[in-house]
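The structures come next, written out as structure tokens.
Shared between the two complexes below is subunit A, which has subunit B as its partner in the first and subunit C in the second.
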Partner chain A sequence: MQKLGDFKLPHFFNYPPYFTLQPVRDTREKQAQLWKELILDYCRSQKIFVIGLEEDFPLFTNPVIERTLSHEARQVFLSALVSEGRAEWMDKGHKKCLILWLRIQDWADCILNFVKENGLEDSVMTVEEIRSGIESRGTELAGIDRTVLTRALRLLEQKGKATIFKGTSADDEGVKFSA
Partner chain B sequence: MAGKWLPSVHLTGSGRPVFLPGEVECFLLSSVDLESEENPNLPPFKSGLLILTTHRFIWIDESNGYGVAIPLASVVHAYPPKKSIKSMFSSPRVRIQINGHGLEVGFGSTGMITLVLRGKNDPEAFFGRVWDVMRSRAWENEVEKPGPSDSKAASSGGRDGLSSGIRMAGVSGILRKEQEMWESTDKSLQDAFQDLNALMSKAKEMVTLAEKMRQKLLSGPTQDAGPNDEEMGSKQEMQDWLLSVGIVSPVTKESAGALYHQQLARQLADFVKVPLERAGGMIALIDVYCLFNRARGTELISPEDLLQACALWEKFDVPVMLRKFDSGVMVIQNKAHSDEEVFARIKTLVLKPDALRRGISPSDAAMTLGIAPALAKEHLLTAESKGLLCRDISPEGFRFYINLFQDVDPNDIYTVKDRGLFSSWFSVVTASG
Partner chain C sequence: MRRRPGISGLQTAAAARDQYRLLGENVAKIRTDLMKEQLATFRSQLEEFARKHKNDIRKNPAFRSQFHEMCAKVGVDPLASNKGFWAELLGIGDFYYELGVQIVEICLATRSHNGGLINLQELCTLLCQRRKTARDSVSEDDCLRAISKLKKKLVRSVPTELNKDHNAILELAQAHGYVTVEEVEKQLLWSSGRAVDTLETLLKEGLSMIDDGHRDGKRRYWFPCVASASAALGSEALKT
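Showing the complex of A and B:
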């Protein structure tokens, strides 16, 4: 089976039409579905949060059959993810896309679990600590995108499960979790 | 049918008369009645299409699909339309005197038939042509030399000599005859081109020549065509010739006037039968245009004429139709033609191991299906729109693959099912390394 780094690729990755945007509606819907699954799987396994449409992205090229997704096709498939709430455009020009292989709600649950497991209720952490601290190493939270993390924390704050303290710079924002 | 007091004529499937050898259309009039003057009890033929040819008056009831004819040989005299105050207010009438011996039904030895011209026609011009045709007595020429190759046969020892002496039988014999004929054709052509008037007077001769050739080719190749390649080759060649001859009496604007496109449409419907069959039920309009004009010889039609003629098919009961693909490509196809059959053949094609691996191009499909690449592409695009195929565009070109997208479970993108298209594709691709 073909691999991209340590990521296992599905067989249809070598099917040339997979890389040509299909014009027929039914066929295209099916094709988009397969791309959506693959993009989410890949980003999750590689901890990729942002895809730049104008940069090289390994998943969008298959050197074995010498095929590359066109810019239009990338935009179509990512838009399909956006419409399902699994991604968001980060700019008006649709040049950068934030991939949510976990939805914000799921990320919030993930943080709560993390807090529980490490007995961090009622204690204060910096946001940066959650991303790269010793406790989060080896969990899904390690290396989480800052925007995604901040939005998950905001959601917790709304639900009264966390309080965010503004620091002097973005780096030392603090969070207090409540039980 | 009761009341047919004139001999009937054979009509083609699209309602055109079947012409005698050497017969050429000279004038067409719509809305013409035929009445018997002596015997008003004979029911008149009402409001039909009248065709004046070099041999006959042909009257056709287009809606009911039958026709009758008056051979010019039995016409004794034709009287011009009367010019009087009275006639200004009624339809012009051309009266013809008939020697009824040739005409069986309900007719005495002589009689008068009145042609009532009800349509917006030019009776003077029509009568002028009647006179011209009567004077040229083209029907007599045919009677004098019934066999198309009599003179030639005589010079090579009579007809019986065909089988014994010089090798005149079989394909090679026909080819040799053809050669001779081409030589004389060449001479006629040279004569014909000396000036335009000469060309016009030769036109009928040309048409006769073409018809003769066709007759010979039709009767020739079956008798002892051996299996060897040379003969197969010449058979092929002959079939090609067959395509290029054949319209004895082209419908021209000059002869048909306003009826031009209608008659053209019918003639075209008759003509496309053979090429359509060869092309498997569908043929590009451009190809038809070329073939049709080639067959018409000097009486070329314009692309607009062709389009109009095709558009008129909807009104007639003909077995062919014009079809426009989404891309704008236009084709003529049999009404019975089915896309399903073509799809089945395309499917077989794309499921071959090599096509699973590399897909197929329109020219691959064209070769397998035996049709033009442009047409093959239309078929592939239609098959794509039905979800049978999907496309691959790369620097290598535009190729089509069997559609596998339907066959992958989006919830389990890594597994290959044991059966189905995806697994057969997978086994071929992995086998090739």
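Showing the complex of A and C:
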């Protein structure tokens, strides 16, 4: 079984036609399904939040069978994730894609659990602390993308479970969790 | 016997014939009885054997296959009836019916991937994966038996008939898992139109997938049904 770092690649990754967009509808649906799952699994395991379509991305090329996904194919599979709410285009030109292996709602739940487990209700944290503080080490929150984190915090704010304080710079944004 | 004339001579001859007939019937009866007895002994011994090796038969596919062979030789079909003695004793009938259901499930689940044709070996591997929790393993022989119980000899779940042209291409594809238009023309001595038409039909039926990624720029038509993804890697590596 081929591996990328510690990530086990699925069988289809070694089957050349999966790197060519299939013209027949049923076959393409199956193909897109496999790629969507692979992209989400890989990003989750490697904590990757952003995929640049024009940059080298290990999943899009398999040197062993000498195949690379075309730009069109990359866009088709990522668009499929976008339409399912598991990704978002970050620019109009569709060159960068934010991957949501957890939906914003799931990230918000994740933060609430984190707050509960560490008894952080009614206390103030900086946004940076949530990403890289000692408390979050080893949890899913460690190294979370800033955009994703901010979006999850805003969702919590809307629900009245957190208050965000604007600081003088982006680095010292703070957040207070309510009990 | 000296031949004597007259009525008494005829009577003696008739009596002798009756005697012979009786004797003959006796001998035949003794033979039949003996045969019946032997059969009964044989059957009870086969039963005893089956009972004694029940676990081996259920768990060991090679042993199971040999047992089937032995039964076939003496005209016993353990699968003939699910309610029969053998099924009750070994639970073998249920085993194959269960297997049959699982085979159908696998065929349907992999249809979008292989277009409805599956390699027996791959089917067997998938069956084993599926049955990981069950203790007994499954051989290709078991698959075939279960399929024959499904009363269908071919594991094909595509609606279209495969014609001679389709089969010729599938056969050609077995070498490397794929073919190119050029290969088909050359190997089968077909016109370009015939090759393209047939390949396009197989593509539309979901039996084939195209691959435009090779550096020689020639489109390859892959057939997931003739090679599993892992085997494809090997053949590709061998070819380059």
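Keep this in mind: the second predicted complex is superposed on the first by the 179 of 179 C-alpha atoms of A that agree within 3 Å, B and C clash if a C-alpha of one lies under 4 Å from a C-alpha of the other, contacts with A are read in each partner's own complex, and residues count from 1 in each chain.
Quick note on the criterion: contacts are C-beta pairs under 8 Å (C-beta built on N, C-alpha and C of every residue); 3 or more make two chains touch, one makes a residue touch a chain.
Not measured: the values here are computed from a predicted model.
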item: Fit or clash between subunit C and subunit B when superposed on subunit A; value: clash
item: Touched partner set for A:E37, first subunit B, second subunit C, both or neither; value: first
item: Partner chain(s) touched by A:V64 [first = subunit B, second = subunit C, both, neither]; value: second
item: Partner chain in contact with A:V124 - subunit B first, subunit C second, else both or neither; value: neither
item: Contacts of A:K8 with subunit B and subunit C, given as first, second, both or neither; value: first
item: Identified clashing stretch of subunit B versus subunit C [132-140, 150-158, 312-320 or 348-356]; value: 348-356
item: Doubly contacted subunit A residues - partners subunit C and subunit B; value: 11-12, 14-17, 19-20, 22-24, 26-27, 30-31, 66-67
item: For the subunit C and subunit A complex, residues of the former touching the latter; value: 112-113, 178, 203-204, 206, 209-215, 220, 222, 224, 228-230, 232-233, 236
item: Residue numbers on subunit B that touch subunit A, as the complex places them; value: 359, 384-385, 387, 390-395, 399, 401, 403-406, 408, 410-411, 413-414, 416, 422, 425-426, 429
item: Interfacial residue positions of subunit A with respect to subunit B in the complex; value: 8, 10-12, 14-17, 19-20, 22-24, 26-27, 30-31, 33-34, 37-38, 41, 66-67
item: Residue numbers on subunit A that touch subunit C, as the complex places them; value: 11-12, 14-20, 22-24, 26-27, 29-31, 64-68
